[in-house]
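Below, subunit A partners subunit B and then partners subunit C, in two separate complexes.
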Partner chain A sequence: MSRPFPYTYISCPCADTPVPDPARKRRSRESPQKSPQKPPPERANTDQDKKLSAKEEEQGEDEDEEQTFDPRSPRSNFSLYPPEQLLYCEECHQIKCPRCITEEIVSWYCPSCLFETPSSMVRSDGNRCGRNCFNCPVCTAPLAVSTIENATGNAPQQGPWVLSCGYCLWTTLDIGIKFDKPTNIRSQLQKMTDSTPPAALDRSRQASRTFEDLKHPLSSYASIDEQSNARERDGEQAAPKEDQGAPPMGMDARFAALKNFYRTQISETSNSPNDHLSSEFGFSSPGALNRLMSLYASSSRLSGLYGGSKKPKSKPPVMREALTASEGLQVASENSETDMIARLQSPECGWDGMASIDQRATQSPDARFIDDLLPLPVLLRTKRAKRCKSCKHILVKPESKPQSTRFRIRLIALSYIPLPTLRPLAPSSSSALPAMAPTSDLNSLPPLRPIHILLTLKNHMFDPVRITLATPPVTPGRVATKVTVLSPQFEIGANSDVWDEALQGASAPLTSDSRSAALRGVPEAGKVWDKGRNWTTVVLEVVPGTLPGSSAEGGDGNPNTETNDEDVLAVAASRQDEDVLEIPVFVHMDWDADAQLDQQNVGKGSKPDDKVTRELAYWMVLGVGRIQPSL
Partner chain B sequence: MPPPKTAKGEYIETDTGNKISRRSQIHGTQHIILGGKTVIQAEAVIRGDLFRTATLPTDPNNASAAAAPNPSTPSVAITVGRYSYISKSAILRPPSRLHRGIHSFYPLKIGDHVFVGEGAVVEAASLGNHVHVGKGAAVGSMAIIKDYAYVLDGAVVPPGMVVPSWCIVGGRPARIVGEVGEGYGVEGAEGGMARERYRVVGRT
Partner chain C sequence: MASDTPSMGASKRTSATSGLRNSQTARPVSPHTPQPRSGNHSFASSTSPGSSFRGEDDAIIFEIGARWLRAGFEGGSAPMCVVGFGPEDSRRAGDYRGWIQGSTGAGRLPQPVDIEEWTRAYELWRPDSREVDLSLVEDKIERAFRETYNQFLLTDAGTSRLVLVLPSLMPHPLLSSLLSTLFSRWRFPSVTLLSSATMSATAAGLRSALVVDLGWAETTATAIYEYREMTTKRTTRSMKHLMQEMGLLLTGLASDGNQNTETADKISVGFAYCEEVVSRFAWCKSQTEKDKDTSSDEPDRKLSIPSPAKPEEEYMDVPFSRLAEPVEKVLFAPGVAEHELDDEEKSLPLLVYNTLLSLYPDARGTCMSRIVFVGGGSRIPGLRQRVLKEVSLLIDRHGWSPIRGKALERQRQRLEELKLSAQKASKEPETPKSNGETPSTDDEAADPSKAVPEIDFVEQKLRRQNKDIPVPIQGVLREVESLGPWAGASLTTSLKIRGMVEIEREKFLQHGLAGATRDVDYPVPDRRSGLRSGGDRSSWTLVGWA
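Right, the complex of A and B next:
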């Protein structure tokens, strides 16, 4: 989802840990012997740094990345998030993005009927709604249960019923399916499509049981040959009967039959009688593992080494495969492929009669034609709790009820880091800067014309915070836009009682638009533009660079912008949307928090009144607009 | 290109703070309830004239002619909550359904802090609170869009679809393609801009 200009993204510090400091690398290069200290980030705007950074344009890309966050770097895609998507861990005191959390399912629900599915039912229902919710197999729109006899208004509640799509007008009549009742459609449908002869299942169970009888616990003849021979004889008798009697099973029924078959196979072929229990737990159960181990151990030298006994001479029992249709075997018909090709070529099928790849992806593997497509029970969705990956603390816990939008726990980053909003400063008529461009259209910023951008940071914490902003003097990439934060250091007030603001008539930041511009006159360096109870607005002076190859490109353009990148992909990625003006801003914030929340930190930076100084630093990207190709 | 400057007095402000463009088309005002501080922009069409009556007009295009046959029982066609925003050229139209052979209209309920984008067509049964309907999107008849759901630009939500809370839908027909972040709807952030949006309307 791309956002309209202006937008702000925040880079999760997990992308580069420790958080890169824009000046650290520089300092360390100046004096490589000295251990890198933490210089004030606002130095990034000094003249000396300008020169340095110009030099650094020539340096390798990797060094550039460590210094200034480049919103255009392919890696940035993985760390930039809209502010409302970020969480905050109070234990780690850090921003948490979707990459630094783990999720746990709180509840399953159907997105169509909004009923919760108990976790015990989720598996048996195949992660799909067990009620009357279906998606159209042709277009995925939800299907409605409607009666065919709609025209005759005086006959309410009379079937037959069909599922119909309100988007592409497909109905189950297209595949010849009608329902007797408007309820329990899924089980009705299952009965129709599966055509599972219950007798077949019973028979297979019986067959297995006879086999169990055959295999005496003490007998040693239960080898694979004997077993399969016996079964073949058995199967030969059974197969012709079944093939004629029962119609071919549906996918689900066949799966159930195969599952059942293998379950009995596991129990039958296990060595110890206790293993019968294990069949309930499947292949991964300790019993199954035991069986596998003994299978290998008996034939290896190890058995001689450890056991030493000569007993396990008999061949271990080996599982066989399904042999009859009732066990889930489906024999490929001889002519099925040629029949299918003939049908594809026939005029009544044509292109429209074939199912698309998208449609087939959600259907049984046999579905080739539109008529084979069955209504799809709606896939369930989940409500999930989120944990910090590093400390395992819960950051988000929604209420489990599907219809509830409330949270038991919700530690969003916006409760801690200031909410950034961006807005161009409308040029006032009495402006002292005649070169100021009209900023009404952010989609075509004229190059080399300075504009003023108002950046408002709104604090949601109950403590005032001190902010230091730093930007590279020139934006990274081939389009060199000059950026200056006119007042990089400022404070934001605490988020005190919300009612105060409401009673005072709510002077929110975005309201004081042109009115205040006229009052405030010209943006000045070192002065914040505007300030409210828990927000502060500062001005960024931006001189959009010229696009490479545009007519306006002159001596002002950066001569070093020609990239010698090895990485072709990176270049391609950077040239696409090159005209988008994105400004990386390094935000450093610190504040005095109550120490009582975690005692272990009291010793370090404690202040007399049980306050602890906390700090947080991260990169932020301001999407200002698009630069015009020429003046 | 900067948009043409709005003429002075473009918006009529009601007692409850609704700002309604003089260039919007609102039919059947007695069947529309606006919760206050709602914005209706120019060329938006609101069809309050399509409401359920005992004798139903069969052709919705002629409905305005046959409207209000019984003024003593005013039925509500459209309800809009507080701080909702109906953009330019958007169309709000009560949903309708063929029920037992009779075509009848049902009320359209729109919650608080809802945004309906430019040129969008909404025929839903309900849009919950903080719902965003993108530019050029179409929300089909009887669809139910729950709180904090997000309909992307140009999406076509099929008739009768239910979009759960926090879900993002897009495409034609619309499918659930993602979820908004937990911070969605926080005042001033994405999904929580309704008050700011309201305040700047009508200022020149």
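Right, the complex of A and C next:
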């Protein structure tokens, strides 16, 4: 049960093509599914008399078990889609689901302020809005910029400013952050959070990469210089001093320190003149510089760069590990964790003082308490064009403006495949079947009482379509529900102009006939229930099975076995949604399409007037209702 | 589709050089500009204009575990997103029950379930690949990657290089599933595999380390010496067991002790709720169980947590110390003698000690002062200190000798008696010698934590030679913080260091995992910088993963 009953899902045929793995060719699938090309073997069964004995049906099911789509298998969750989410490729003539398309980003925009972000800025902003859009770190509601002062008069509001959540009343004052200006909050916040670690290193996280890259040869060279000097001056004594003095760095600062350190090390160690490789790689520039410098100034303090070894030619310098905090080493402190335990225990912390898993997921990995949470800039969204994965044709192309909801191209599957809708057949007064259960509540279908369901397929194409439906006689899974399609083969009219129906008198007899059929109210095998201009309704007869362990199992409800209702409930709940009645239906449709623009297809199935027969086959899942645990 | 992929791979690989060439030829002086550019141009125009120059060179790094997936761009200090694999993530499209009813696992379960079943829906795979439905894993991976790209990375999937951070021991079927899903679904030019233990060491700024990964299914201790994995030992005492134990504890609290026996080892609280409790309040006592006086001087605080019976409505007081019990029981196995534990279920201190013990003394001395804790369990407050304390106790008790037991004690006693009777005069210098006779040779000599650094003239000379290189710390138990495997991979990749295992699309699609050379003497890249020495690579290898 994933939507209100009744519902329909369509399984994308791409689920049947396994992931090709050359090394695993012989591996058989755990639950092989039907390939749409082969005609379903159950088709014969559907025409048969529904009064087959249960045993025969079970045997038939055993044979077909391998072929039938099982809506209950865990894998089916990944291939079933609501019909409106599917696309259709006009080149491949196939349904396309999100798994068999490739996506290309057209534009990036902030969902909160609807400003488009230029692609060059997306990465440097960390995929988040660079303006004033923030989400509450506690409840994810949007934050508003407001002033602390009570705005009494008409005078322009004065700062300081805070971000406040209108839903959970969290403000940045809770973490002690105020802003001087109401604009450009993101950069203000960045400055505040970055200023805590020591400022010796470049932590240009928001600086664009190109700028960083331009700068880096010089800066890393400068740091080599610095380092060697420092090492000469106070050598080993620097390490312990720095370790104790410096407060623990933040993630970013440590990362930058480590990166700087490694870059220095690589440039120091790869200075051999015949290192032709270095010219190919990005870090080579300081190395190249060093090499040149060492050619001209071989004697001076520059030789100290190479680990101070006397014979750099014979003995290449070795990379070493980080030794000081400024190089990114951080030795775990003894008492930080005991402090943390004490804080956990303290009454002011409590359950709500700790950040939940969801809250922490978007924060820095060190965040643990509510106080550590920072306001979150809104994550950008994208507009994406979609292409067919196999033929690369564009299926969806939105307009790039964030404000516009229009599409330039959009090939949704519902314009090609018939839209299935489902509705229970209300028992008419003249019902000839006394066994028919009242189908009022789909959430509690009584087991073993036959019900009739009307399945309407509505065609959106301009060609009439021939449909063949097939279902397994008994639904897969532990709850064996018998299903019969009363008229499995039928036609749906073309989606012609609405006026055509009214103007053409020829179609009148058909409609009147269908009206009478509706009035008759008795579904008959082999007859279409109702039919309109571009839709056809057929009847499915469904006998819901009994839940395992249910009182009704094995016979028509003995009245004295209704005692163990709770057990039945428990069993049903043990496998989630087992009591949901879902019917897999195999749909095969073919139609004669115009063969325009499609030369290669003309040869094989061509009709005289340039018509091509196309066919499409897929599995559909009808969610009928929930089966009652007992009669 | 197949025809244009090699050009794609080629253009990626030589992007640096071709870019250079283009900029030269694009000058107005040369009239032959269009020819070399045409190939590149058509390639660029096939993708959308925005994405072609964005992220051209930036590799995307994914770290995949059984529970979580971390993803981000190279050069970032932290992953852009952390995505879990829960039952909410394997719902059908259009199924919004998670939002309507509240996510599964937050409330109490309708019925107690078996502890193994309880965790199953939340893990992507299990180390035992017999229990894994690989096609389901593929489905989940595909969806997770797709949604990560669309929601968080905001870049076109498949255009740039992919770096995967994986544990060094990974079942081949799983690895094969993972790679073939990625290669066949998207058009990644290449996938680089990096070992998570080595990356953790890198992210700590170290070249040698003992990386203790407190993961979901198992805890591994990997000794890394000069970026090489020397040895790995593992134990099943891990976060999964911790979660199960906490679930049992909370179930017990929910039912107030009147639990009937048939549901004794079944859990009736929701997984998500239990995970919240573990992530917020699981902690570890810093003292070993011997010094018990701690409980007396500190009043046992009560903590108010949402009641396990009705997490959404009521709160319930739980003694704070009880929340340390599962950690204690699962990870330290108190009260169980070492010999009663199976090889695969040693407690954490024993795991660390045994891993150190199996190393050569040099590597041991280096690794023991560079212990790095990573993984979800390293967040539990107090745990790391406790492990180190117990390891140092073990070292004090046993030294670095793998041989112990009653027979040894008896033999030692006999030898000492012999010695005492034989030569009573000279007392003190004899103890090392007696140790030398037993197989447990250098009980003290190889124990660098206790030994006074002896004067070695070679060492002295070396030290005199390179005065300005600081002496590396050695032989002391010391813990170093790491930024985690993801950050390590980001660091490594942003320094343009190429991994040993770089799987190219075409080669994988031809042969799959079987195409990897099993040649042991695979040419080792330049050791100093990790660079490849050769130009093009005709074959690829699965070094650690083979």
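Going forward, the second predicted complex is superposed on the first by the 358 of 631 C-alpha atoms of A that agree within 3 Å, B and C clash if a C-alpha of one lies under 4 Å from a C-alpha of the other, contacts with A are read in each partner's own complex, and residues count from 1 in each chain.
Convention: a contact is a pair of C-beta atoms (placed from the backbone, for glycine too) under 8 Å apart; a residue touches a chain by one contact, two chains touch by 3 or more.
Quantities reported herein were computed from a predicted structural model and do not represent experimental measurements.
**Student:** Which of the two partners, first being subunit B and second being subunit C, lies in contact with A:S112: first, second, both, or neither?
**Tutor:** In the superposition, A:S112 touches subunit B alone.
**Student:** Hey, is it subunit B or subunit C that touches more of subunit A?
**Tutor:** Of subunit B and subunit C, the partner in contact with more residues of subunit A is C.
**Student:** Which partner does A:N495 contact after superposing on A: first (subunit B), second (subunit C), both, neither?
**Tutor:** neither
**Student:** Thinking of the overlay built on chain A, is A:R410 touched by subunit B (first), by subunit C (second), by both, or by neither?
**Tutor:** first
**Student:** A:Q85 contacts which: subunit B (first), subunit C (second), both, neither?
**Tutor:** both
**Student:** Using the superposition on chain A described above, determine whether A:M251 touches subunit B (first), subunit C (second), both, or neither.
**Tutor:** A:M251 contacts subunit C only, not subunit B.
**Student:** Would you sort A:Q628 into first (subunit B), second (subunit C), both or neither based on which partner it touches?
**Tutor:** The answer is neither, since A:Q628 touches no partner chain.
**Student:** Considering only the touch criterion stated at the top, classify A:V396 as touching first (subunit B), second (subunit C), both, or neither.
**Tutor:** In the superposed model, A:V396 contacts subunit B only, not subunit C.
**Student:** Quick check on the output: what are the common subunit A residues between the subunit B footprint and the subunit C footprint?
**Tutor:** Shared contact residues on subunit A (touching subunit B in one complex, subunit C in the other): 1, 81-82, 85, 381.
**Student:** Of all residues in subunit A, which touch subunit C in the complex?
**Tutor:** Residues of subunit A touching subunit C: 1-3, 9, 18-24, 27, 29-31, 74-82, 85, 98-99, 102-108, 119-120, 122-123, 126-127, 205, 209, 231-232, 235-236, 239, 251-252, 254-256, 258-259, 261-263, 266, 269-270, 277, 280-283, 304, 307-310, 316, 318-323, 327-332, 334, 337-338, 340-341, 344-345, 347, 350-351, 354, 356-357, 360-362, 364-365, 368, 379-382, 384-385, 390, 392, 570, 573-574.
**Student:** Applying the document's contact rule, which stretches of subunit A touch subunit B when the two form their complex?
**Tutor:** 1, 81-87, 109, 111-114, 139-142, 144, 150-154, 156, 165-168, 381, 386, 396, 402-403, 405, 407, 410, 412-414, 419, 421, 438, 440-441, 458, 506, 508, 510-511, 513-514
**Student:** Where on subunit C is subunit A touching in the complex?
**Tutor:** 1, 16-17, 47-48, 50-51, 53-55, 58, 73, 75, 77-78, 80-82, 84, 90-97, 110-111, 113, 133-136, 138-140, 142-143, 146, 149-158, 173, 176-177, 180-181, 184-187, 203-208, 275-276, 279-281, 283, 286, 301, 303-306, 315, 320, 379, 381-382, 384-385, 465-472, 478-481, 483-484, 487, 490-491, 494-496, 509-515, 526, 528-529, 531-533
**Student:** Given the complex with subunit A, which residues does subunit B contribute to the contact?
**Tutor:** Where subunit B meets subunit A, its residues are 1-3, 98, 100-102, 140-141, 146-148, 152, 156, 158-168, 173, 175-176, 178, 180-186, 188-191, 195-196, 199-200, 203.
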